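This report refers to the structure that appears directly beneath it.
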Amino acid sequence: MLDPSKFLADPSAVNVAAAAQSEVALGDPKVIARDVNVWYGDKQGLKSVSIDIRSRSVTAFIGPSGCGKSTFLRCFNRMNDTIEGARVDGTILLDGRSIYDPDLDVVELRARVGMVFQKPNPFPKSIYENIAYGPRIHGLARNKSDLAQIVETSLQKAGLWDEVKDRLNDPGTGLSGGQQQRLCIARAIAVSPEVILMDEPCSALDPIATARIEELIDELRANYTIIIVTHSMQQAARVSQRTAFFHLGVLVEEGPTETIFTNPSDKRTLDYITGRFG
Amino acid sequence: MTVATDIAATGFESTDKVRASLARRHAAEKRFRLIGLVAILLGLGFVAILFASILAKGLPAFWQSNIRLTINLDPAIIKISPPPQQQEGQSNAAHQAELLAWRGELASLNWGRLIENALIAELPSDAAQRRRDVSRLVTSGERFKLRDLVAANPNLIGSTVDVDLLADANVDVWVKGNIDRTLPDAQLPLNPVQRNYVAVLQEKGLLVQRFASGLFVNVDSRSSLASAGLAGAFIGSLYMMLIVIVLAVPVGVAAAVYLEEFATKNRLTDLIEININNLAAVPSIVFGLLGAAVFINWLRLPLSAPLVGGLVLTLMTLPTIIIATRATLRAIPPSIRQAAIGLGASRVQTITHHLLPLAIPGILTGAIIGVAQALGETAPLLLIGMSAFVASVPVTPLDQSTALPVQIYLWQGNELRNFFEARTSAAIIVLLALMVMLNGLAIFLRRRFEKRW
Amino acid sequence: MSSFWLIVVVLAVMGFAYQFGATKSRKVARSGARLHSLPTHYGVLLALWCGVPALAVLLLFAVFEGNVIRAIVASGLPDEIRALPADQLSAILNRIHSIATGFGVAGEPETFEVQAAERMATLASIGLLARIAAMAVAAVLGLAFVLRRFGPQLRARNEVERGVQALLIFCSAVAIFTTVGIVLSMLSEAIRFFSFVHPFDFFFGTVWNPRFATVGAGGGGGYGLLPLLWGTVLISFIAMLVAVPVGLMTAIYMAEYASPHFRSFAKPVLEVLAGIPTIVYGFFALTVVGPFFASIGAMIGVEVRATSALTAGVVMGIMIIPFVSSLSDDIITQVPRSMRDGSLGLGATHSETIKRVVLPAALPGIVGAFLLAVSRAVGETMIVVLAAGNAPVLQINPLQAISTVTVTIVNQLTGDIDFTSPQSLVAFALGLTLFTITLGLNIVALYIVRKYREQYE
């Protein structure tokens, strides 16, 4: 496999060897992508994208619809593998190690890189079972009380515990839209991921539920690396520390959120944020 | 920071746990996939075993033992007057009686003796004293072959003819080895003398295997088992299929057209739809009961007639055709209807000029599949009287008849298992071949004419 | 045969009427008046109005004339003949009919027969004339009714289309007629049966032994349903034991794992299993599967009959596999992708996703599919007739022979069907039971599947 250290622009930014084995310091690149291309059949959806995702922060991917941001998001947990005819090449490193490394099982990858989808998709099971699903299949709990503890912690971290603690056996599908999405976030948290991918998590929700989730994201970034795809620039501005602007499958510009929104370097970025297209 | 380290610690713990579970889970995945594959292979295997066993049993039955003989049409034995002609003023009934009498006279002539004489000429000398054993070598129905030969051409009397006669069923079984030759004599169908004769005939090259055309052109027979054939069953099934096509297709298409194009969503149409869906799932034997109670008992239609069978099968096939036609009509995009109506066509005109022509391939396919299904139905036919033995070809759909699947059912029950298992398998091959052809036709039509909207 | 020619005449007249209407309307159109409908419509309308009444009259005559004539002739017969039992009287009437049509009977006819035959022949000619007259009258009346209104204003097309619509509705109603026919006929015969045997003895009786006693023996013989019902249950159970695992796993593999290439090959082959007539399965069970089981039993020292519940059940299971498999396949594919993605996103393997998310989500639909399969198994006849032996007793050993409801129906109605004896009538009571059970299963199954589909729409 390729030597990751060759691909870092500034090798002094991180000690790759150390990163591969131990905890990554706050702000250091948690996920590194270099020259990533994605094809769906003959169509190329993503062209040569390179980016560093800082740990313990929120990175937002913005851009008009069809620009490839969701496609790129799905590369990080190899969900594109499940799509017929999709092909990915380039390098993606998680903690300095390629996610396509044969020694890294995709199951383990997906436990470390969780995902929340656009439309809340709770399983047709009880709230408890929805959260317990991940820990169960990965064998994370030694016994029932451990499992119950994990469920409670996850629901608390997702800010849902107080609302559902008395009805854990009710079906997950019976909750409101906003609650369902928080349930899905809790479900993702339950397997103790390091990175959480969020694909337009609020687009199906009303403003109050959206605000609630944005609050949650802000709390979560203390402990998780979060990448959020959003079509709302205001949301990106509110929630993220760094923003990446995509257009027609290309990463146009990436940097601190404030810079991107007040003083972008690329004209395309400026046109998008001023509403000239998209 | 403590929180962060907290999470980090749990994070690494879980990753370790996840890693620990991987081997077990991937093994479980492989097992699961394997079970699925095994299930499919099992299903495919069943198909293969079924076809292999039927073919293995049935194909040999398409060739039957025949004995080649030179028969001397001895005028001393064939003493007969010319056939009677109808006289002036004689009633139909009386003439029929005379004809029957003449035929009886013809039949009562000892044709068997002619066959025996021909056989004795080829067999060892003791055969002349063992006429009974000799007579059992050729199946009894072959006498009528000679009789019909002479009846058609009375000039043949006095000459010799070469004929291939069907050997008796027991001979066929023996020759083909369909019986355990180590069984004691009492359990074997042929006695040692007969077996010897068979060996002699084989050595002389007079015992040959010929294509069993009788299977197709003869009617069923109880007395002359080797000549039992499917002719009556073919015609019976043919009549029934014709009735199904003539009745079920128009009515089914009409009903489907009404439900798709005319009907508004009201109680009546809901009721009709529920009925159709239910009828599609009703066991076939219930239709047989309907046939027995209504067609036989109430309408007093003749028992075991193809007309009754056809009516019962029509009712069974109707839901299939209605559902298939509805699917076809539904597949036609509304734009075609709208275009026609936009031009001022009435609903009936839209249907007849535009929709039905487009729907014809789908309707044909549905009809053919429905007919193929009806061809294989047995249970309802048994209940309208077709379980009886019928030794003639039906002339009209009102005559007693049998059908292909019913004939199979009757044959498999015959005591002469060794012979009839093979023959039944051959009949099954014929039935399956017909169904394969029909289904193949349907698939061909669908591929050729199907429009992809 | 005369009916045939009458129909031909009617069709010819309809043809003329059509020509007349069409030509007349064309003439009128050419003279400048605006027609409401196309000339064909006017022609068809005339043809229908003269043809349909005539044919309706013909149908009435065909259905009733024969019986009416026979009744009239029978009433003219000597008293001692009329007192004979129904079938002998019927035979005599047949002879009279033969004499009347000129075919003659073997032997000398009796004087009363000759007289009756002459009467019959006269009645037949009167009937024929009456028929022709009535048909003509009907046709003329119909034509008059339409000709009175004939003109360019006549909305011929609308009338014709209404007529067509009526015809279509009638054809659709055939489905209802069929169901009504099934229910009524079975119900009436079953009710007659229950006049011989008390329903309680039938539905809860544990002995099936219909002795062929004479009518009026007060239901002599055991007509207990339970051994037959039990046989049906046992065999269906064995069939489902075979079909459910194989069918479900096949569906899962086809829906979740198989490549399109594999699917295109395997699916049609499995469909073949569905298309094979059940008599072939029965024969296969009798000649291959049964002896196979028997020989295995001999090898391990257990007594296994060649024709047994096991044989019939296993082969029936094989027959049902494609049924279960294709229904389950449809149901599983309907589980939304988002649910699978959610599970995979959490790091579940494919089989874990299927076992823990997809199947539980698909469960109602699959249960519905199983119920439909059970209904099929319950109603199956030929496999059981050939391969289950014929022992209508309450016994639980699947290695022995057993009998089911469907087999018994066939047994009771083959041979001489006497619609006045309980031996034959019981078949209808059995049929009614069978119909109710399968109907119930189907309704429940379709309801469950519908509810399941609504969930994901």
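Letters A, B and C mark the chains as written, and numbering starts fresh at 1 in each.
Going forward, a contact is a pair of C-beta atoms (placed from the backbone, for glycine too) under 8 Å apart; a residue touches a chain by one contact, two chains touch by 3 or more.
Given the structure is predicted, the values throughout are model-derived calculations rather than measurements.
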Which chain has its C-alpha centre farthest away from the C-alpha centre of chain A? B
Comparison of B-C and A-B by number of C-beta pairs in contact, larger one: B-C
If you average the Cα atoms of chain A and of chain C to get two centres, how far apart are those centres in Å? 60
I'd like to verify one number: the distance from the centre of chain B to the centre of chain C, where each centre is the average of its C-alpha atoms, in whole angstrom. 20
Distance between chain A and chain B based on Cα centroids, please, to the nearest Å. 65
Enumerate the residues of chain B that touch no fewer than two other chains. 18, 25-26
Multi-chain contacts only, two chains or more: what residues does chain C have there? 347, 349, 352
Shared-contact residues (touching 2 or more other chains) in chain A: 107-108, 111, 137-138, 191
Report the residues of chain C in contact with chain A in the complex, numbered from low to high. 336, 338-349, 352, 356-357, 360-361
In the complex, chain A residues that touch chain B: 23, 26, 56, 105, 107-108, 111-112, 137-140, 191-194, 222-224
Which stretch or stretches of chain C touch chain B in the complex? 102-106, 157, 160-161, 164-165, 167-169, 171-176, 178-179, 181-182, 185-186, 188-189, 245-250, 252-254, 256-258, 266, 269-270, 272-273, 275-281, 283-284, 286-288, 318, 321-322, 325, 347, 349-352, 354-355, 372, 375-376, 378-382, 385-386, 406, 409-410, 413-415, 417, 419, 427-428, 431, 434-435, 438-439, 442-443, 446
For a test of understanding, state which residues of chain A touch chain C in their complex under the given definition. 77, 79, 82, 107-111, 114-115, 117, 119, 121-125, 133-134, 137-138, 184, 187-188, 191
Help me check something: in the complex, which residues belonging to chain B touch chain A? 3-5, 7-8, 10-11, 13-15, 17-22, 25-26
